[in-house]
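Down below are the structures I want you to see.
Next come two complexes built around subunit A: one with subunit B, the other with subunit C.
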Partner chain A sequence: MALVNPEFVDAVSRGEFNASACMNCGVCSAVCPMGIELLPRKLFRYVLLGIEDRVLDNTETIYSCLLCKMCEANCPARVRIAENVRYLRYYINKKVFKL
Partner chain B sequence: MSDRKIGVYICHCGGNISDYVDVKKVREAVQGEPGVVVAKTAMFTCSDATQQEMVQDIREQNLDGLVVASCSPKLHLFTFREVARRAGLNPYQYTQVNIREQCSWTHTDDKPGATEKAIRLIRGGIARTALTEPLEPIKIDTVPKVLIVGAGIAGLRAAVGLSDLSISVILVEKSTAPGGRVAGLGKMYPHGKNGREIISQLVDEVKKRKNITLFTGAELVGKSGSIGNFTVKIEVGGKKVETVEASVGSIIVATGFEDYQPAAGEFGYGIDGVVTLAEYKAMLDNSGGKPALGGREIKSVVYVYCVGSRQQTGDNPNKYCSRYCCNAAVHAAIESAEADPKIRQFHLFRDMRTYGKFEALYTEARDKGSVFIRYSDAEPPEIQKDAGGRLKVTVKDLLTFGEEIVIPADLVVLVTGMVPRSNNALVDVLKLPVGRDKFFNEIHPKLRPVETVVDGVFICGTCQGPKNSAESVASALSAVTQSASILKKGYVELEPLIAMIDPDKCKICDVCTGACPYSAIEKGQHRGKEVAVVNEAVCKGCGGCAPVCPANAINLKGFTDDQMESMIDAMLKEIV
Partner chain C sequence: MPLPTGDTIGILADNLRKRNSVLPISAGNATKWASGLSLPRGTKTVLYTGMMYQLIPYIAAMSKVQAGIEDSFLVNFIKLGRQVNKVINISAFMAMPSKSMKEAYNRILVNIAALLQQAGVQFGYLYEEELYSGALIYDLGVDDLLGEHAQKVYNTFKKHGVKNVITVDPHTTNMLRSVYPALIKGYDLNVKSYLEVLVERKIQPKNSLNLEAVIHDSCVYARYENVLNEQRTLLANAGVDVKEPENSGKFTLCCGGPAESLYPNKAKAGAQKRIDQLIKVSTNAVTMCPICFVNLQKAAGDRLRLNDISTYLVQAYCGEGGACAAR
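Right after this comes the complex of A and B.
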C-alpha cells in the first residue's frame, strides 16, 4: 500500500514536470528502443500520484533512458517525455547521489 | 367458383427469391386458382416498369384484387397499395405475400420444399384477396393544441417551439415553479452558461406568449379520446383544488429524472465530507470563490465515478450508463481548478466516457492537474475516516501495476447518475410504456425516437433515459416536430384494419374489454340495448379481442374469420 503525496510532483519539477496530459495509451512503452517497460507511462503515474518510493526503486531504469525522444515524437498527447526524465534525474542526482 | 378478378405477380427479386424458388413453376401452380385472371412473374416487381404493367393490367382487365408475392410487407406494402390506388383499385384489396424472408431466404437448403411452400403461401394470399372489401382510412380532425407535462428545460423549450408554429400549448408543472433541474444549476458545460439564466430566459419567453397556458402545482389526472382529439383533465392545486378540462391534439411527456441517491454506507456516503455530484455542484455554485466545507477550505478532492450507474449486482441494478456524469464531473473539476489552481483532484473512474466534443473537457481537466485513476468494478474504492478525522480513499490503480494506493482527501464526491422518476399515476393515466430500466420507452431508439406505442403521446428529455440538457432540448424539439406534423395537417388518417363488433350478437359480457391492451373497447348503445363498441381511433387491429368473444361477434376488418378460414383451406389444399 502506498500513500499518495500530491506535493511530490512539485518537488520534482519545481513546477516544470508535466505529464498530466498523458491519457495512458501506452504508445511510449511500445516504441521504446530500450524496451523499458516501466518508462515512461507508469513512471510518470507514480510521479503524479507522488509515490516517491516507487520512483526511487526505479533509479536504474530512469538512467538507462537514451533520451532518444522516440516516445516523445509518437506521443499523441504531446507530453514532453524526455524533459520530464531530465527533471527526474535532476531530482535523483540531488536527493540520492547528493550531487 | 369465384366471380373475382385477381392479378397475381411473382417476384424473382433479382435472384433472392428465384435462386431457391422455381418461380415459373409457382406461376403455373397458382394461375388456375379461383378468381385469378392474370398471373405473371417479374425480375423486380417493385421496379417502375412492373408497377406500370400492373396498373395497366388492373385497368384493362378490370381487376378487383391484387396479390404480389415478393418481400416482407414491411418493405413494400405501401408501394403496392399505392400501385392499386393509382390504378383505381381500393388499396385494401391488395395482399402482399412474403416469399422472401419467410420462404426463399429461410429454405436455401431445400429448393423443391421452398417452391412448394411459396405456392401454398400465395394460394393463401389469393384466398384472402378474394374476400376483401374496399376500405377507407379512418380520418380524424385534429385539435391544434398540445398538452406538455413537465416544465423543465425540455418542456419549456417544447412549449416555445410549438408556440412559434402557432400551436397552442397547455404546460402542466407539478411543482410550484417552472424550471426543473436546470433552474438549480450554475455554470453548465460546455458553454459555461448559467442554468438559472437559461431557464429564466425560457420562462420569460413562455410568459410573453399568449398561446401558452402554464399551470403550476398541477397534475394531469385524466385522459380520454385519441390521437388528434384527446380530452384531458388537469387538477390545479393551490388554496382550492380546481379541475380544468381541455381538448388537445397531442400530448408531450417531459417529466425528467431523479438523482441517484446512494444508500447509507455506499462508497462511504453518510460520512462527513462524502457528497454526491449534485451536492458538490451546489457547493461550487454557492461558494462564490474557493469551495469550502464547514468553513474549511477544500484542498483535495477525490471523485468516484459510476456511482449508481453500470451496476452489475444488487436487486435492481441500474445497468445503463448515465451518460452525462463523466462530463459533469470533469467540468466540476475544471471549475474547481479555476477557483483554486492549487487544488488537488483525483478521479477514480471505471471508463471515461467524455464522448464527442466533450473530450476537450477531459483534456482540459488533465491540463489543469487532475489525475485520473482507473479502478475495477470488482475491487471498488473504499472510503474511510482515519484516526485524525481525515478522509482517506483506498483504491487499486489499474494503470500502474495494480498498485494499491491511499489518497488523503478533504472531500469525496460520488459522481451519481440519473434514475427514472416514479410517476405511477401518470403512467396509469397515459398508459405510458415503461422499459425494464423503468424509463419511458420510445418505439424505436433511432427511427422513432420520441413516439410511443400510444398514438399521439410523445416522450422527450430525461424521462426516456439519461441525457444532458442539450440532448434533452433536441429531443423536445423533435417531439414538437412530430406533434406539429399531425396537428398542422388538420387531420390524421388511421389504418381501417381494426376490430368491429356485431351489435346484434354482442351480449356485453366484457371479456373483450379485458383482452384489449389499448383500452379501445367502450360501452355503447344499439337499438336500446347496451353493447360493446370499438373506438376506431384507438384500436390498433391487433385482433386480441376476436377469438375471446363467446358470441363470435367480433371480426377484424381485412382479416375476418371467413378470410382466415379460406386462407387455411387454400394453404392446405391437396393435403387435407
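Right after this comes the complex of A and C.
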C-alpha cells in the first residue's frame, strides 16, 4: 500500500507543477530517445496524487532524462515536462541527497 | 550499480561553490585560445565563451574513466572523493586531455572570434575573470546554488560595463538569455549567439565550399532558443548543401550528451542512435554545440567526418585557408 503525502506536489512544484493537463496519450514515451517509459505519464501522476515513495523509487529515471524536450515538442497537452523533471531533481537533491 | 548520483552531483556543486566551475581548470588553460588575438578586456560587447569549449576536453578525459567504472565496485571512490574534494580539488588529479584535443577545441573559439571580426563586430573578452555559466548545475536541479552563482556572473559583466553578450554555444545562450532573467532582479544583458550575430551582420562569403553535410541541430538551440534558420542560412551561403536527417530542426534527436556526467553508458547509446541516422544521409556532419560534438565524435569513430559549424564557416567567410585577422 503506497503512502500518500498530500503536501508532496506543493513541495515539489515551488509554484507550478504543470502536469494536470496530461491526458495519458503516451506520445512522450513513444518519442523519448532514452525510452523513459515512466516519464511523465505515471511519474507526474504520482506527484499529483502525492505518492512520494513511487517517485523516489524512480530516482535513476529522473536523473537519466536528457531535458531534450523531444517529448514537449510532441505533447498535445503542452505539459512542461523538462521543467517538471528539474523540479523533481531539486526536491530529491534536497530531501534525499541533502545537497 | 550506476554512479552514485548524489555524490557525483555533490562534487560538481562543491566545485561550483568553491571554485566557480563544475570542473575547475587553470586560468591559463581557459584563456589560452585568446593569446595573441589582442582582444580588449571587457568593453560594452563581449564574446562570452562560458568555458564550454575549454572544458569539454577535460570532461571527455574524465568520462573515459567514469564509463569504465560504471557498474563496478569502484563507485565507492566517488563517495570518498566528495569529502576529499571539499578540501583539495580532486579534479586536478583526474585524467588530463591530450594537447591536440585541447588545441582543436581552442581553434573553434579562435575561428568564432575571426568570424565576428570579419563581420565587423567590435568586441572584448573577460579573460580569467570570465566565469562558467552553471549550465550543468541548472540541469541537475541545484537551483539555490545556481541563483548565487548567476549573480556572481552577472556582477562580473556589470563591473566591466558589459551590455551585449555574444555566446558561442547553445547551453550558455540558454542560461544567459532564458534562465538568468528569472534569477536576477533587473537583469538587462542583451544576449545573442554568434550565429545570430553573423546573420544579423549579413556576413558575406569569400568563397564557396561546394560540399554537402548533414546537419545535427542542438536540442537547446532548436527547442529552447528557437535558433533554427541561422545555421542553415550561414551554411547555405557558404556553399554547403545542407542535408536534413530523420529528426531534424525542431524535432532533432538529442546526442545523448547531457547524460554524460551521471550515466556515461546511456550517453553513448544515445549518440549511437543519432550517428546511425546521420550516416544514412551523408558522411560529413556538422554540429553547433561542444557537447554534441564530443559525444557524437566518440560514437562515430571513423564512420563519419564531424565538424563544428565554425570550421566550415571560417573557411568560407574568411577566405582561402580561413585567413581572417584573428587567425
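Going forward, the second predicted complex is superposed on the first by the 97 of 99 C-alpha atoms of A that agree within 3 Å, B and C clash if a C-alpha of one lies under 4 Å from a C-alpha of the other, contacts with A are read in each partner's own complex, and residues count from 1 in each chain.
Keep this in mind: a residue touches a chain if its C-beta (ideal position, glycine included) is under 8 Å from a C-beta of that chain, and two chains touch if they have at least 3 such contacts.
These numbers were taken from a predicted model, which means no experiment stands behind them.
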{"item": "Combined model on subunit A: subunit C and subunit B, fit or clash", "value": "fit"}
{"item": "Contacts of A:F17 with subunit B and subunit C, given as first, second, both or neither", "value": "neither"}
{"item": "First, second, both or neither for A:P33, with subunit B first and subunit C second", "value": "second"}
{"item": "Touching partner for A:F44 - first (subunit B), second (subunit C), both, neither", "value": "neither"}
{"item": "Comparison of subunit B and subunit C by subunit A residues contacted", "value": "C"}
{"item": "First, second, both or neither for A:Y87, with subunit B first and subunit C second", "value": "second"}
{"item": "Where the C-alpha centre of subunit A sits as vertex, the angle toward subunit B and subunit C in the overlay (nearest 10 degrees)", "value": "130"}
{"item": "Touching partner for A:F8 - first (subunit B), second (subunit C), both, neither", "value": "neither"}
{"item": "First (subunit B), second (subunit C), both or neither touched by A:L99", "value": "second"}
{"item": "Subunit B versus subunit C as contact partner of A:L66, first or second or both or neither", "value": "second"}
{"item": "Subunit C versus subunit B - closest C-alpha approach in the superposed model, Å", "value": "24"}
{"item": "Common ground on subunit A, meaning residues reached by subunit C in one complex and by subunit B in the other", "value": "none"}
{"item": "Residue numbers on subunit C that touch subunit A, as the complex places them", "value": "2, 5-6, 9-10, 13, 138-143, 219, 223-224, 250-251, 253-254, 256-259, 262-263, 266, 270, 273"}
{"item": "Subunit B partner contacts - residues on subunit A that touch it in the complex", "value": "1-4, 6, 20-24, 41-42, 45-46, 48-49, 51, 54, 77"}
{"item": "Contact set on subunit A toward subunit C in their complex", "value": "33-34, 59-60, 63-64, 66-70, 72-74, 86-93, 96-99"}
{"item": "In the complex with subunit A, residue positions of subunit B that touch it", "value": "300, 344, 346, 363, 366-374, 394, 397, 399-401, 403-408"}
